[in-house]
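Following: one structure in structure tokens, then a few remarks.
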């Protein structure tokens, strides 16, 4: 096989790394410096630069996390569904084990009270 | 019978150590004494039994290897826990257990005021065990194990007064230097495994000729690596700097470990490996040269020491130099003979010094001594005899052993002549510094300010061992007389062989005359300088100030190590840390205000770009690995 | 290689690009959520490679692998989210503590 | 083709199931179940898996159509992981992380072990990657388990991000390897690349480089180690112990599987790179450890150095090398567990219990523990005749036999340097005087499970030295199983 034709990839990699390194070093040099004096509370003593993202509720993320339980399930159920007929009983058993595990996870988050919105 | 006795000999001190360690409470001091002294003395008795048994056989049947169990089999390499009893190991055992029991007996009173008596004797017995293991081992691996154990024991005992920072520092120094030696030995062992596929003495020496090849690089490498170990353990230049500091330990420890037994292990190992050094002429030559340099430098340094124990320490370094010279030239019999006499007179000297120190409540400086001969008779006798012996004044033992080395050396060709002459000069220096010590401590007027309290006389418990050792130091030399009978050489001959070049009667006589004459002159000078009070000494001290400084610094070895090894090492470490640990630096400058601000800013460690740095180094590493692959691959 | 359709090199270049962009993202972004996204990008870059090669050798191994990787990636991201949430909660509490302490 | 011979995979299945069960135990309302259930179930699972390992001990068997192979190698390493997990569960008995989140703690440890077992027994790249990820994901959570402690969270998140990058690099390497050979099955890959060399195979080179990086990261070898000190310091100490023993073993297992097992006759091509990593790790780890004041950090760096020692065995590229690595992994488990156990015990007693000064005179106050610690430290430093010495001896002599004497020398010198900090610890423990008063502050009673775990590990150090022979034989069996067709 003439896979050695793919030397470009290596070159590409090297190039990418070089660029990345350059960017990093640059950003290291020119990035705004945080010094004690700059960051000290000024005027009426308001703390400098509090990020905005702390405003909206964090529980939002929590529910976002739960999607794995229901989503990954599908990712696997699709191919299984396609070949279930050929796999026969064995496939069914495997499927059941898999689903059971997912359900277990569901029970877990349930008991951990992650499902109700605080 | 010989299959059992050595194991018992080995077990006795070990059991004693374990019993003392596991004793639930601080045991009654009498019990401690009985256990410690009893075990070692019993071991001595058994060794004598072994000796007699060997005497009963003819020279060829005197080697007996007994295996306890196959410890590890790595591929085709088998390592057994086995003991080898032969002339050499028996000879060593006699010295170790004999001198050892005397010194431990002596410690009973010396350590009387000490708070943890038990720990001292436990560690002492542990040392005896390790030393016996070292000399009894039947293969290099267990030699290394014993080697490391004695290193550990000396580490523990040097640091015995752990509330003294200097003691702790000294013990660490000693340990690290010794481990460097161990590494040398381990590497040598690797080479032996690679080329011979075995570590058992008998097989190694049998196959060495074919496996390594005469004068081959690997033979030389093995020789040098082994000598690294020997030099570290036996305080040969440049690995000698730990021994003087080791005097931080209790005096009996210095007597047993840092004079009589452990520090001579290097000589033993070289003698044991004689078959290998036959094949490695350069390594052997190096040993002789290093020995010569060491004996001379150490002797010169000893002439300016003002601490009674440090004088003896440097003289030990110097005397081991003599043994190394002999071993390097293939005069193993002479080396072992000198080791024996040295064990006697140096132990005698240390124990006498111990009496002085004990009597003066820990005072060690010669400036605070003087005119002690009337006050501490036993110490005086021991010190005087020891000094005469070490200076090689007939009929004391040192004369026979040292002059045998010198005379034989002079007969061994050019290198031999050179080192022999150095040795003769060293002998003169030896006489000088030893009698400097004797005169300053025991003659002249009382130290200014006099003694308070008056040195208290010690009981027979400390006096007796000194006198016994003094007796041995006087007469032990007679077992080997120039041109006469050579009991030690004949005894050891089957193991280490005897040199084929022997000095003529004339040469021996000449050597003896010259060295003795030199010694007498040196003693005279010492008397003229130190015999009566300090003014002459101080006057000359001023004129020679610059040289004295060089010697006081021990030719700046410590300074050089500190400057060129340790300090750079520290800097590298500091650099690496700062380079690798931005977190640590952050932590150091972190104050409440900064902390508040950072928490306000969110995830401080992401802000600080640490993760970025981590990932970045990973990428750099990836590039490196890739490049290596490409380079190697094509 | 099977001539029809997208050439292998295209797959590889795209995937390599995704991988590198993700790498740079990890190194440059400060917001942990963004960093997680970048990691996701890297993993999926690898996935594209797998799929591309899987087509090149026409076997299904690569695609199976890719499927597994998707799950793994999801799991990783979820853990990441969870930790970020926890950290923020921690920060909020901390901030309050700090202020009270400073005021007192 | 799908002859799933499930029996061969029972250990993994048992452990995984035990993990899931243990985790759900934490959900019960009855206090007793919450408190004792998880640990009990985990230990039961460990025992069961151990029994299965003993039963399966023998020649190669394949499960799930070659995806999982159980041979002496995988079984022995699985045993290592299981022992490590059991000890950790014992050590963590009263640790706040474990007390408050016992279900998660025990469960996740078991899940991580399952992942490690997958790594050791992987028959193809998919399972290998899956195993690595399973163990990593479980560890990310475990690191951050003490949610209320900022450092713990920080360490978890750091580990997650750097670890994810590491895994994706590894994955890219796997992808390229798959591309170069057209198969994910390790054995077939081996056949494909059998006679070849790296020369003129850019894909293989790139793949191998990426794989080395990914695995080097998991083994925390320099220069992929930067995360190690921070994560180890921040994580709950029992988890640190777990990571530095089991995870390292898993990473080394992967190294051996891929390089020793798949590409033995390309050793000439890859050994140099690995040797370089080894040297770098030994140097950096040992030197940096000298400058530490936190015992946890110091042990973290020492674990980096030990990754270096172990890689020497890999670089040797011989059966002796693999054998030495496996034996040393066993020894390393015992030594490190003991060392960390001391830290764990002290941490329960005082604030900043992991700092060196907290141990001033500790050994004199607790002689037994002191002796254990002394054994561990001396053995870690490779002091003869302790187990650590034998292990290093095997590793270095494997290097010498492979004509890489320079590696052996570097390793030996490294262990001399390492004495610097191990002795420092011992010095403080035995000779140091506490800041306040004669005795170190607050000596609490040590809970039985902790004591048992510590004792087991400490005794193992001696046992492994006394009875080195059988252990070495077993290791050789495992090493040969790697190459078995």
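Note that the chains take the letters A, B, C and D in the order they are written out, and that residue 1 is the start of every chain.
The rule is simple: a residue touches a chain if its C-beta (ideal position, glycine included) is under 8 Å from a C-beta of that chain, and two chains touch if they have at least 3 such contacts.
Computed from a predicted model, the values in this text were never measured in an experiment.
Trainee: When the mean CA coordinate of each chain is compared with the mean CA coordinate of the whole protein, which chain is closest?
Mentor: Closest chain centre to the overall C-alpha centroid: D.
Trainee: Could you compare the number of C-beta pairs in contact for B-C with that for B-D and name the larger?
Mentor: B-D
Trainee: Could you state the distance in Å from the CA-based centre of chain B to that of chain C?
Mentor: 62
Trainee: Per the centroid of Cα atoms for each chain, what is the distance between chain B and chain D, given in Å?
Mentor: Distance between chain centres: 40 Å.
Trainee: Whole-Å distance, chain C centre to chain D centre, using C-alpha means?
Mentor: Going by mean C-alpha positions, chain C sits 26 Å from chain D.
Trainee: What positions in chain C touch 2 or more of the other chains?
Mentor: Where chain C meets two or more other chains at a single residue, that happens at 12, 23, 26-28, 31-32, 35, 75, 82, 84, 87, 91, 94.
Trainee: Which chain A residues touch at least two other chains?
Mentor: 6, 9-10, 13, 17, 20, 24, 54
Trainee: Which residues belonging to chain D are in contact with no fewer than two other chains?
Mentor: Residue numbers touching two or more other chains: 154, 157, 161, 165, 169, 179, 200-201, 205-206.
Trainee: Chain B touches which residues of chain D in the complex?
Mentor: 154, 157-158, 161-162, 165-166, 169, 197-201, 205-206, 208-210, 212-213, 216-217, 222-224, 226-227, 229-230, 268-270, 272-273, 276-277, 284, 287-288, 290-291, 320, 383-385, 390, 393-394, 396-397, 400-401, 405, 408-409, 412-413, 415-416, 419-420, 423, 427, 430-431, 433, 468-469, 472-473
Trainee: Once bound in the complex, which stretches of chain C touch chain B?
Mentor: It is residues 23, 26-28, 30-32, 35, 87, 91, 94-95, 98, 102 of chain C that touch chain B.
Trainee: Once bound in the complex, which stretches of chain B touch chain C?
Mentor: Result: residues 592, 595-596, 599-600, 602-603, 606-607, 609, 611-612, 615-616, 619 of chain B touch chain C.
Trainee: For chain D, which residues are in contact with chain A within the complex?
Mentor: That would be residues 2, 4, 20, 23-24, 27, 179-180, 200-203, 205-206 of chain D.
Trainee: Name, in rising order, each residue of chain B that touches chain D in their complex.
Mentor: 70-75, 141-142, 144-145, 148, 152, 159, 162-163, 168, 172, 175-176, 179-180, 182-183, 186-187, 190-191, 193-194, 569, 572-574, 576-577, 580-581, 583, 603, 605, 610-611, 613-615, 617-618, 620-622, 624-626, 628-630, 632-634
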